[in-house]
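In what comes next, subunit A is part of two complexes: it sits with subunit B in the first one and with subunit C in the second one.
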Partner chain A sequence: MASFVRAANNVFKQMLDLGINKGQAESEGDSFISQGFTVMIGLTGAWQGWFFLDMSQDTAVKLAGIMTGEEYETVESEEVLLAGAEMGNIICGNAITDINSIHSGLNIRLTPPSVFAGEGMSMFNVRLNACSVILQTDAGTIKLNVVMREAK
Partner chain B sequence: MKGLRADGKAIRVMAVDDSPVIRKLIKKALEPEGVAMVGEAGNGRDAVELCFKLSPDIITMDITMPIMDGLEAALAIKQKNPGQKIIMLSAMSDQDIVADAKSRGINHFCSKPFKTEDIMAKILQVINE
Partner chain C sequence: MDIKYVNAFINGLIEIAGMLGVNDLTRTGLDKREKLKTENDVNVIIGLVGDIKGNVVLAMQENTALNIASKMMGGMPVAEFDLMPKSALCELFNMVSGRSVGELEKMGAITNITPPTLIYGHNMISLISQVETLVIQFSTAEGLLELNIATED
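So, the complex of A and B:
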């Protein structure tokens, strides 16, 4: 989880000029309720699983606006969805680079991101328990949720 | 402005990334420095075709893209034009990826997230080689 938090800190600072206050990492169980905007990225290789970047729709709109310098009304704007996807991709990519360099031979790779926008969605991992961390930013609350298991 | 060649003309850059947001950010970072963004592509296949039409000074190339990834595209470009300067721009930069890229003759990397000064410095380093 530490690699993901470091990566998020780096991305928020460098791309968005936002500081983050990190909460405690905690076991999430096999599901969580989305805040309204969730980026999902699959992980493949010696370890498999998913990375979720979760936030409210309002936060997603704010972050997209900071990222591109444009103004957006809602998450229905394609650029908001794309900006969210790219944020998730870069955070996850940086974290996995860190993990791959620490644990030689893992060769974990990412799938292209999927973005889900909707109220009250339940994100459910079949038979896997996740770990999550809540990050507080000036744009709102961000959740990092990671589930990984050794590939059989 | 930093984005000029030795002959005083703007450095001509083509941005290749499947994310339109990233292509927009690259443009926003480089154009104020005087760089001329001469083209963009969303996948490796389009990048190869466009590169030979535009002959940019430098291509910034994402790695993970649909249809043809950045490493395949860079290799295809280098096979026809070994002198084409390419900077791989990616969120993933572990040893295996870097080694794979180097085996295809690609020696320049920039990580995402990038700051304007980082990508500009890399462009100036590459253009002056």
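So, the complex of A and C:
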């Protein structure tokens, strides 16, 4: 988890020039309620699971605006989704590189990112436990959520 | 994506659904996905890593999901979309993907899958794998199903 927070911290600072305050890591059980916009990236290898980057639709629009320098109104524009996906990909990629180099042999690999946005979304993972950290940024609250288990 | 790989998923879905009691699954169409909006409230997603990289999503409306879950439980009525139907659908799609990946391996494409995750919400917009998505529609007495396949080549 620390690797993910570190990666997010670096990416937000370098790419977006946004400072973040991190919250406490907490355990969340097998499901969580989305704030409205979620980027999800699958992980396979010696551990398998998912990485979620969850934020409100407003935050997603703001972040996309900062990344591309253009103004967007809703998440229905494809660029907002792509920007979110790319951000998730970079954070997750950095974190996994870090984890793989600390624990050699884990050999975790990523799937391409997918993005879901909608009202009252909930995510459910069977028999997996999630761990999340809430980050407060100037663009809004962003939640990092990681669910993993050892591969059989 | 090579069409023979797509067939592995179609066959997988039909076979596993049949095994779990949904016998009348028929393919009704195949499309390239053009819009981001999805009418389906229930989406089960599984990631693929290896020789084939991407995501596959099984999407349906809530009613269909309830009907299929009920069928899987041997006809027990399922009124509410709670933990039980959610985990039933995840398991269904996990079996489908597992079987499909087995078939892909026989074709020489060694692929790993992630555990399934179910996303439930309204008025959803989705972007799968940042690539063009192939949508295969199925119909059954339980309702309509959509299999979205998005892989990077």
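Operating definition for what follows: the second predicted complex is superposed on the first by the 152 of 152 C-alpha atoms of A that agree within 3 Å, B and C clash if a C-alpha of one lies under 4 Å from a C-alpha of the other, contacts with A are read in each partner's own complex, and residues count from 1 in each chain.
Keep in mind that, in the parts below, a residue touches a chain if its C-beta (ideal position, glycine included) is under 8 Å from a C-beta of that chain, and two chains touch if they have at least 3 such contacts.
This structure is a prediction, so every number in the text was calculated from the model and none was measured.
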Checklist entry - Does subunit B (first) or subunit C (second) touch A:55, or do both, or does neither? => result neither
Next on the checklist: Per the contact definition in the header, classify A:112: touching subunit B only (first), subunit C only (second), both, or neither.
Outcome noted: both
Checklist entry - Looking at subunit A, which partner touches more of its residues: subunit C or subunit B? => result C
Next on the checklist: Quick check for you: in the superposed arrangement, does A:20 touch first (subunit B), second (subunit C), both or neither?
Outcome noted: neither
Next on the checklist: Just checking: does A:5 make contact with subunit B only, subunit C only, both, or neither of them? Give me first, second, both or neither.
Outcome noted: neither
Item to check | Which superposed partner A:76 touches (first subunit B, second subunit C, both, neither) | outcome: second
Next on the checklist: If we overlay the two complexes on their shared chain A, which of subunit B and subunit C does A:85 touch? Say first, second, both or neither.
Outcome noted: both
Checklist entry - In the superposed view, which residues of subunit A touch subunit B and also subunit C? => result 82, 85, 109-110, 112
Checklist outcome for this item: The residues of subunit A that touch subunit C in their complex are 34, 38, 40-45, 48-50, 75-76, 78, 81-82, 85, 109-128, 147, 149
Next on the checklist: Which stretch or stretches of subunit A touch subunit B in the complex?
Outcome noted: 10-11, 14-15, 67-69, 79, 82-83, 85-86, 89-90, 92-94, 96-97, 100-101, 104, 107, 109-110, 112
Next on the checklist: So in the complex, the part of subunit C that touches subunit A is made up of which residues?
Outcome noted: 36-37, 43, 45-50, 53-55, 57, 83, 86-87, 90-91, 94, 112-131, 150, 152
Next on the checklist: Under the definition above, what is the set of subunit B residues touching subunit A in their complex?
Outcome noted: 19-22, 24-25, 28, 64, 66, 90-96, 111-115
